[in-house]
Every structure is written in C-alpha cells, then in structure tokens.
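Here the structure comes first, spelled out in structure tokens, and everything after it is commentary.
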Amino acid sequence: MLTVLDQGYVRLVNHMGSDLTVVNAARVSYAKESKELSERDIKLIRFLAREGHTSPFRHVMLQFEIYAPLMVARQWWKYVIGSSHMEGTGDSLDAWNESSRRYITEEPAFYVPGAGQWRGKPENSKQGSGDALEWEIGQKHTDELMRYIEEGLRKYEAALADGVCAEQARLFLPSYGMYVRWYWTSSLQAVCHFLDQRLEHDAQREIQEYAKAILELSEPLFPHSIGELRRPNGEA
Amino acid sequence: MLTVLDQGYVRLVNHMGSDLTVVNAARVSYAKESKELSERDIKLIRFLAREGHTSPFRHVMLQFEIYAPLMVARQWWKYVIGSSHMEGTGDSLDAWNESSRRYITEEPAFYVPGAGQWRGKPENSKQGSGDALEWEIGQKHTDELMRYIEEGLRKYEAALADGVCAEQARLFLPSYGMYVRWYWTSSLQAVCHFLDQRLEHDAQREIQEYAKAILELSEPLFPHSIGELRRPNGEA
Amino acid sequence: MLTVLDQGYVRLVNHMGSDLTVVNAARVSYAKESKELSERDIKLIRFLAREGHTSPFRHVMLQFEIYAPLMVARQWWKYVIGSSHMEGTGDSLDAWNESSRRYITEEPAFYVPGAGQWRGKPENSKQGSGDALEWEIGQKHTDELMRYIEEGLRKYEAALADGVCAEQARLFLPSYGMYVRWYWTSSLQAVCHFLDQRLEHDAQREIQEYAKAILELSEPLFPHSIGELRRPNGEA
Amino acid sequence: MLTVLDQGYVRLVNHMGSDLTVVNAARVSYAKESKELSERDIKLIRFLAREGHTSPFRHVMLQFEIYAPLMVARQWWKYVIGSSHMEGTGDSLDAWNESSRRYITEEPAFYVPGAGQWRGKPENSKQGSGDALEWEIGQKHTDELMRYIEEGLRKYEAALADGVCAEQARLFLPSYGMYVRWYWTSSLQAVCHFLDQRLEHDAQREIQEYAKAILELSEPLFPHSIGELRRPNGEA
C-alpha cells in the first residue's frame, strides 16, 4: 500500500497475467503458447505497442483499492468507463452510494493541503497549477479550510440531529476534498491510458500523485508491456 | 425547456428517429421498410419490449442539455456509461472540466432546498428519504445552508485573490449542491433504463424530479416504444 | 444510396446534429450556444480535433443501412463495439440472427468478384492484397466460385428438404461472401475512427470500398468536423 | 481443458478473485475486508444478486481460450462487447485476423456433425432445433458436408496456387463451420449473462455445449456467486 496526499492511499488488491499473457493472447490463433518470455516475445510486445495493436494488452487485469478526494475520483471515472468496470457509481453499487453519504457510514475525512502545498496559477496555461505559494499564505488557507470543514461538519451533524435525511444533509459538506474509497479493476491497456494522461504536467497535481503510485505498483508486474506502451512514439 | 428544482432545467436539444425506426431496425434483414406505423408495427414493438430484444431501441437517439446539482450529476454518470457517450468527464472534455471549477468560468450557483423542501429519514429503509420536515426546521437549515455557501464563496474568492490555483481553491466550495451543466446523448433504451431506476420511490428525490422532466420531454416523441419499454412485465 | 461491390450498398438512413453540435457540446458549461457557425467556432473544432478532445464529436450521430459480405461485416463489428450500438449480433436481435440464417428469410446472395477483380498477394506485407491478376485467371476463379456457391445452395436446400434445422443446414453455405444487412448507428467520432483504419491501403480492398461510400455520404453533413478529425497530425 | 463438439475445446487460462472479492468490493466504502467467507458474506452475495446490484460481480475476472466454429464465435461476440474486452476482431488484433484467413496460418479445420447429430426443425418455434434426425439421413448429410468442405479446400488451395491473395481465396471456404480460436477475458457478471442466455433451450445446440463447458469450469471457482446469480428470481 502506498500513501498518497495527507490521508489517501493506493493498494494493489490483485492482478491477473503477466507479460506472457500479452504474447499468448496475440498468438492465440497459432495455437502456440510461450511458457517463458523469450527475446522474440519481447519483440512482439514492442511491435504490438508500436503499431497500436492494443487488444492483447486488454487480457491482463489489475485491481486496486483507492482512497482519494472526490475531485480526484471524478477525474478517475472516465477510466472506469474505459475499462467498463464501474466501481459502483449509481444505485447498483451500495458501496459507492455509502461513501457518497446518502448513507451514514464512517466519519467523513477531508483532504487539506499543508501550508507548503498550496499552488499558484500556472504561467502560460488555462489549466493546471504553478509553483508553491509562500508558506504564510499557504498556512492561512490551510487554517481557513480546516475551520470551514469543521463548520460544515457541525452543520451536517445538526441537520442529521434535526431529522434531515442523509441525502440532503450532505449539502453542508465541502465535498470536493472529501475522501471516498473504491475498487478499480482495469485492463493493462486502460491503466496505461490513465498513466499517459494523468502523469502529464497539466493534470491536476493531486491526481498526478495517485498516478505515480499506480505506476510504481504496476511496473514490476508487467515491465515489458508497460515499458513499451508508455514509450513515446518514434523513440528507439 | 423544463425547470427543475430551484435553478435547474432539462432541455431537449435534438433527437433522431421515431417509433418507426425501432420497427425498421428490427426488420432490417428482411429488406422491408415501413413508411407509416401500422398496427402490425405496434405489435412488433410490444413483442420486442416484452421479450427483452432491446437492440432495435438503441437505434433511436435523444440529446438533452441538463443543469443540475453535482450530486445529481454523479448519479447520472452511470447512464452516461450505459450510453457510451461521455458528457465530458475528464481531460478530453474541456466543457466539463470548466464546470468542475478547475477553470474559472461563470459564477458558481448552488441548490438550496426551500423551507418546505427538507425531508426526513425514510421509515423502513436505509436509502432515500421520507416526508417533508416541519417548516420551521426547514427554514433554519435553508438559512444555515445559504450562509454556509456564502462563506465558502468568500473563502474561495479570497484564495483566488491570494493567487491560489483554481483547482485547489475549489476545495472551499460545498460542491454537492453546486450546479453543473452537461449534454446527455443517449439511446432510447438507455433513457428508459434511466427512467426505470430514477423514477423509483427510493431514488434520491432530486433526481426523480429530473427523471420526470426527461419522461415528459421524451414520451411524445416515441409514445409506443416508451409505453412498451416501461410497461411492467406481465401487465396486459 | 451508394452501390458497393457487385450487389452491396450503403444508405444514409438518418443523422443528428451538425458541425454546430460539436461546438455547442464543447461549450456547454459556458451556457453559450452558437446558432450559426462562425470562424471562431471552426477554430474550436480544429483545436478539439488536434488536441484529441474527442468527446464533443460523440454528440453527433449517423445512421446507415449496410448490405455487405459477411467477411466485411465481421471487420465492421469492432466499430459497432466502439460506438456501443449493437446492430444486433446475438439473441437480443432477431434481425441479425435472421440474416445469419438461423432462420430462413430471403434468398441467400453472394459476393463474387468479377474476372478483373481478383487480386494477387501484396508485395512486401503479410496483410492485404496487390495488383489485379490476369483476366483469364480471374475468369477461372469467378466461374469456380459461382459453381461452388450453386452447389452449396443445392446441398443447403436438400438438407432443409430432408428436415434439417436451418441452424445446421447453413453449414453448407460458403458464408464469407454471403451478403448480410444491418443498421449501423454511430457517433461521428466512431465513424472517423472507422474511416482512419479502413481507408488504409492495407485494409481489405472490399471494406475500403464501403469506407469510401461512408465518407462520401458523411462529409457533406459535417465538413469541418470530418476535415479536422481526418487531418494527419502536424499538418497545417 | 474440456472438449466440445468434434474438434473444439474450452480451456480456463486464468482467473482473478473469488467469492470473497465480490464481498470486499461491495463493502469497500466501509474499509472492512473479509479474509474468510462467513455466513454473513454469503448472505450479502445473495442480497446483491437478488437486488440486481451487479457491480461487485464485475471485479472478478475469468479468462478462457476457446476453439469453436465461426457460427458459434459470432454468437459469442456480443458477450465480448458486454465485457468490453475484444478478443481481437478487427485490425488491432493480429491473432483474430489470422484465424479469419486473411493470413495463411494453420490448416483450416471444420465442424462436421456426425450421423446422429443432425437435428430437425423445432416443433413450435421459429428458432432453435428439435430432435435428432434418423441416422441414415444424418449419414447422408455428414458425407455431403465432408465432400463439400474438401472441394472448397481444393479450390481454396488452387486459388492460392494461382496467386490469389488469401483475403479473397477464403471466399471458397464454407466458413460457418470453420474453427477459430480466441481468448475471452470477461467479468463474472458477463459470464453469468452469457450462461443465462446460452444455456436456454432455444439457443443453438452447438453454443449450448460451449456454455456447459464454461459453467463446468467456472462454478468450482465461484460457487456462491454463480449459484446466486443463476438462481431464478423468487426461488427460495
């Protein structure tokens, strides 16, 4: 399990297959199966990645448990779509509903950037963020945010105490920073697509941290496939 | 355009096809095309709906513009998945990012239940909500929520003024109730699936209101298909 | 309707939206709607296509009826997947099953290349085909194929006459060339993805002919979007 | 590996997870993880299956290698769609193209029903098949089919020898019965959906045989989940 941000984490729950799976899926019609990864197999992986023949990479699966602020979860959902394994948005998934606070489960937890972690506007871009702001300014907003969250929690509890249903009481929560927890089951191809987009410099810094953790947990399992899929086109 | 909640709406942007499209898609391999809906065509629609042969209903499309609180949008996303037309979560959709407040665009707007619109806990269920609470209790929480939102907005503006990037400043917003706007392009089958689940009594009341608006706008366009798809099994 | 191969065709059944739809979908969070396509709108389309922000192109739909040999249909199915609108493979679609000859419907029809349409092996590639073969060789195989199909049809009819079920009798049909008919409802993005891959020189020549017909029918409807989506990267 | 039909088979290549995975995915937001399957866990699986909360079942994966006639493969593809893991139809999958005979790889093999395996028309249905036909009639069509396949293969080889490209030469093959081989990587939910539809009495008998093999290989791995997902509604 790798810790991310102040309270978040990424945990590899399970995985299926290896670099060999990619090779064997690609050669299935030849009725040939490699038992050990050869130089020829590695070349095939390189060829498949370079030519965009990505289907064999969809026969390898990874499964993570993720605990992240809701604003990170929202950006993540598009990859859930890509992998077609809903982590459980919506009514057919109790699990997610609960962390969405339509139910009352565990205590809400919130992401609060530390004094040195508030970032300025990006220089030449509409998107993303720039360098860290001064410590004093950061400290001020850390304090403000903590106070604001505490006030929201008090009002949320007061509403529940007055009999307000949970699905409305949650309107008092500053939810962008609220931690939610979910399972992400995804093919290797979808994981690499996520990495390509979320390790980019203009991705939100918070999700970049999660992407680094995903990479660190995945690369040792599929070193050749991830290496080739993430190699910039045209690079030797 | 139908108004929903205090500031939201649903607007039918476009649609493609009619009840006839369903019939012609189902009979495509016969090279027969109906030009006008006959009794026999209506029977075919009934048969297809009853037997769960839903593919022909995926050749009819509807397109809506929706303006709803984020908590409603989150429940809606699973149908976006179902219809495979992302409204633009994630980086390949500027539009959504912007309303997610990684950019600064229009003024944030928030859903605030009126004094008579706060609901109690459900009687015999973990999910959903019950009857309206007393007016005085509701009034109190309406006032509290308005004050809390105003305070969040002040802090949000102060953070931006101090140079904090938008993607972090938004941590100050009580975002469950924040309005976001998106396009939903969906097949008739996916629309009916959405209606089946979101008109249910234990769906969140707020999304039920949106589902009613979707039904009101869709039914006149595809009266037979929607009538049959939404007919409970076994009903005559 | 455009004729393709000896008996096939592509027909535009319907479409939804225009270049304006792409622009309005991309700007939905600004609550701004263009009523007429401006220079600024065209620039936005170019920007979206160049940066790979493809979601707005998924709000425009096209619907075709296609009549093509089964071997072409099989290559087409992956785009059906891409667009998530099954034309009806499988049991939830009578229509397709019927043309798959589990039922007996219309007379089977087969694609037979003319004497000048048989192609040789490709020069430097494992995939695709090369130049036309000599007329005499072509004539010989055209005759052979016609005889072989006729013989298969006779055996197929004899099996049916002996009481063999249709789903087994079809084993006598040389089905790669057998014409099937289906509806393809697809977003503009999926159509362009199909065109990118199926207009390529190493795509099977027969499906290239269908791709040309799709392009000819689509381009006048969405000239800017198709122009930009199909512009090679880096081209001015 | 289980043998199916005259030359086909189903092989379990890999799987990920167990009944416990379903339980842990469903409870992810509670931060509780079962290490051993309890009575309470089994009740949760029953509840999830009964209420149609199917997402947790999508976090369990199965992977099969299948060798089956093309007509069976075509019916299978819709579940490939359901599981969003293309086995490789289309150009991004060499493997499939090769067994589609655009390339020349291994010798073509064909499904030929034995004398006692030809079925009659169904009694009261447009779809499916009925009882076995008499042995003599069956023997006749087995012989006819073998001769027809041999003739097609001779013509196919002759075309190749005359320099005809493989993608056209294959027009001589009676391909409905031609064996193809592919990987199917699918969630447990999609597998159960496949079983529900393909074990039905009106599914083609040949694919029913494959469905039985899939069930036999899967059930020991996920006994509770498969038991509950496949329990008819309302059954105690």
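By written order: A, B, C and D. Residues from 1 in each chain.
Methods note: contacts are C-beta pairs under 8 Å (C-beta built on N, C-alpha and C of every residue); 3 or more make two chains touch, one makes a residue touch a chain.
Just so you know, these numbers come straight off a predicted model, no measurement behind them.
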item	value
Farthest chain (mean CA position) relative to subunit D	B
Where subunit C and subunit D are represented by their mean Cα positions, the distance between them in whole Å	25
Chain centre separation (subunit B, subunit C; CA means) in Å	33
Geometric centre distance via CA averages, subunit D-subunit B, whole Å	36
Shared interface positions of subunit D, touching two or more other chains	84, 86, 91-92
Graph class of chain-chain contacts, one of line, ring, star, complete, other	ring
Contact set on subunit A toward subunit B in their complex	70-71, 74-75, 77-81, 84, 86, 89-92, 97, 100, 102-103, 111-113, 118-122, 126-130, 133, 137, 140-141, 144-145, 148, 151-152, 155, 158-159, 162-168, 170-177, 197, 203-206
Interface residues, subunit C side, partner subunit B - complex	13-17, 21, 24-31, 48, 52-56, 58-59, 61, 63, 65, 83-88, 90-96, 98-99, 105-106, 180-183, 185, 187
